[in-house]
Amino acid sequence: MDDDSRTTRWERRTEVPLAVASMLFLTSYAIRVLAHGLPEFWRSACLAVTLGTWTLFALDYTVRWRLSGSGPRFVTAHWLDTVVLVLPLLRPLRVVKVYETVRRRRGGPRLALHARVITYAGLAVALLGFAGALAVYQQERGAPGATIRTFGDAVWWTCATLATVGYGDVAPVTAAGRVVAVGLMACGLALLGAVTGSFSSWLLQVFSSEEGGGANGKPPGG
Amino acid sequence: MDDDSRTTRWERRTEVPLAVASMLFLTSYAIRVLAHGLPEFWRSACLAVTLGTWTLFALDYTVRWRLSGSGPRFVTAHWLDTVVLVLPLLRPLRVVKVYETVRRRRGGPRLALHARVITYAGLAVALLGFAGALAVYQQERGAPGATIRTFGDAVWWTCATLATVGYGDVAPVTAAGRVVAVGLMACGLALLGAVTGSFSSWLLQVFSSEEGGGANGKPPGG
Amino acid sequence: MDDDSRTTRWERRTEVPLAVASMLFLTSYAIRVLAHGLPEFWRSACLAVTLGTWTLFALDYTVRWRLSGSGPRFVTAHWLDTVVLVLPLLRPLRVVKVYETVRRRRGGPRLALHARVITYAGLAVALLGFAGALAVYQQERGAPGATIRTFGDAVWWTCATLATVGYGDVAPVTAAGRVVAVGLMACGLALLGAVTGSFSSWLLQVFSSEEGGGANGKPPGG
Amino acid sequence: MDDDSRTTRWERRTEVPLAVASMLFLTSYAIRVLAHGLPEFWRSACLAVTLGTWTLFALDYTVRWRLSGSGPRFVTAHWLDTVVLVLPLLRPLRVVKVYETVRRRRGGPRLALHARVITYAGLAVALLGFAGALAVYQQERGAPGATIRTFGDAVWWTCATLATVGYGDVAPVTAAGRVVAVGLMACGLALLGAVTGSFSSWLLQVFSSEEGGGANGKPPGG
């Protein structure tokens, strides 16, 4: 895409600080939600860290926008970055990209497409699921008539939602919790699509290579 | 299809009035269902608008049937128009078609197939979901033993149904509500098929292009 | 497959009687389950018709086995016929085959693959769903603590199961009802696979034909 | 893969004892969970057999690791064996491999890819489902407020989970039971992917062969 040297240099320099910041973001948010008995001072500190790291992400986004010099089209052209800005929990997804860059520099082969899709989908679902469970738990724990009362309940409910199983023994009752839930359902649909699509394209590939001659029936993650 | 000039001219002339009519249709139906405290006069006005706009759609369908001059086969040959006649809420789907026509005239490229499928599926599901939630809410709100008591409940239940999650914490209890629900389940299955199918065909495409040489791993919405 | 003239002649002769028999089979079973107030005589008559038509199916299967002269391998080679013998409700699926034979004789084109898959899947799911609802209702209606109390409940539950939504507001509680339910779940999975697979292969086809040159974006049912 | 003669010889010699051991493993675990009134002596015997057979699997894994002489990379290169070591219930999956080896020696053709995928998926899901039902039942039967009270309930719940239907009329309430449940949900997603993927690739194959000329519309299991 933009092999502009200034953008590349900026990205190389900010890689490590931003990875640390995204870890801090997730940790501070989790502490704020999960540690009930925390004194008010530490709770405020967590909030400050959360907001501070998010400001860093916004700054990074602005700088790269300026460097690209491409005006309002930047938002749609770098839609993945825009999504990451709004949902900073997805930032660790960049780890896969970094790992691949390192690997290619050493002359190693690229990860197979299926392995990459499954790695991305697995990581994204794990991170979004954790964040979704946190957010739903924060909304539901004090609500009257709530069935999600512990963080364990929230995680259990998140797993049932992402797998599109949906037992309904626990379910959000507040409006905010249900909005988060709809987001998680969309993730579940996408996860299902990724799993099914990978399987289907892998089968087709194996089949055509079997027909061609070499019969290498290695499964997708092999 | 039918590049007959009279049909084309008719379609160009009715495009804008019918788009306005379909917006009126949806709005008047929503107002009638959602505004409880509305005086009887306004409720009747809403009903009149709903029926009036639907009559417009029926008229447009009849005129195009006549212009095509193809007898009873028109119903199956233009099955999408027939579906739109019965479910006028799907009419806004034509927006995608109009947008594409405009774009091609300006020499811009067609939307990628995956982008189109996802845009159509997303729009159709949003419109059908909204209409389904309205219809279920209308049937359920007065029923004894109903669990869907507010419009928020109806929207929440619709989302859980379309994602095939189905918690069951709220569910329709009347016969009419359940018939609408079965229609929404069919939409959910189709949505799942669209998401999964797009993913799978996108993966296969990327794979074959990677094997060919160029390694452009852009995701479907890119 | 077996273009042996005796088998073909047998099949042509038995086509109509067996189609009538399968309709009788389904109707008599439905009457026995649904008509509560039926006098004992008519109930026994229905049972006799059900068993009698099934005996006809078994006879037809045996005759065709003999005519084929292929020993025990017939069971696996004609697995679809074996399945139809055990689940005679699937016999109406043959209607699609008959319709196609007629069409080809008249020189008409074959139905498109997607149209055929969707027609078969739709018919099979409708028939199995109806039979499953009947069977579950028969098991559940007298059970203590049952939530499926009317045939409407059974149909509603069947739809939710086939779409893999599974609200759980009504669910079978008897062992026999749950065995039927597991069969319906398997049908639901297969239906999902058929819908998704058709969509995915249709998308890939359209894509390759678009790349080739002709841009005919007709949807599967068109 | 590793056609090293020592490894091959080891595998040929241990094939039968390990198959017997895996049957013993599953049987002793099932007896321990299901036979409530068993005297303490027999319960301990079952536990001993379970642990003993697992030690055999670990020994076999170690020996093959040594014979391969490939260091720590063995764990990822033979990831299927590693998974089987941790979940010995999957060992019977090897039966498919053994059956195919025998068939090929006799000059018979390989099973079609779809038949193999469906056989593997079906066997794996049946074994994992049975083991999952046992494990969940063991965790839940004594828990306060549990809805899974009999082994029949556990099997019913497992089927609803694997089909991603998830009624929620019975659902695990203990933390350990829910962890097993999440594993079963992942199996359900994979099963859905396998069913859908097989269907989709089979459709594409049939389509391309129909276009090519020969119209052989045999279904996947034919």
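We call the chains A, B, C and D, going by the order they appear; numbering starts again at 1 in every chain.
The rule is simple: a contact is a pair of C-beta atoms (placed from the backbone, for glycine too) under 8 Å apart; a residue touches a chain by one contact, two chains touch by 3 or more.
Computed from a predicted model, the values in this text were never measured in an experiment.
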{"item": "Interface sides of subunit A and subunit B: same vs different residues, half threshold", "value": "different"}
{"item": "Rigid-body rotation angle, subunit D and subunit A, from Cα fit (steps of 5°)", "value": "90"}
{"item": "Chain pair repeating C-D, as identified from A-C, B-D or B-C when over half of the contact pairs by residue number coincide", "value": "B-C"}
{"item": "Whole-Å gap separating subunit A and subunit B, where each centre is the average of the chain's CA atoms", "value": "30"}
{"item": "CA centroid of subunit A to CA centroid of subunit C, Å", "value": "43"}
{"item": "Sequence positions of subunit B contacting 2 or more other chains", "value": "164-168, 192, 196-198, 200-201, 204"}
{"item": "Touch list for subunit D against partner subunit A, complex", "value": "79-80, 110, 113-114, 117, 147, 161, 164-168, 171, 173, 175, 178, 181-182, 185-186, 188-190, 192-194, 196-198, 200-201, 204-205"}
{"item": "Residues of subunit B defined as touching subunit D within the complex", "value": "164-168, 196-197, 200"}
{"item": "Complex contacts: residues of subunit D adjacent to subunit C", "value": "152, 156, 159-160, 163-169, 191-192, 195-204, 206-207, 210, 215, 217, 219, 221-222"}
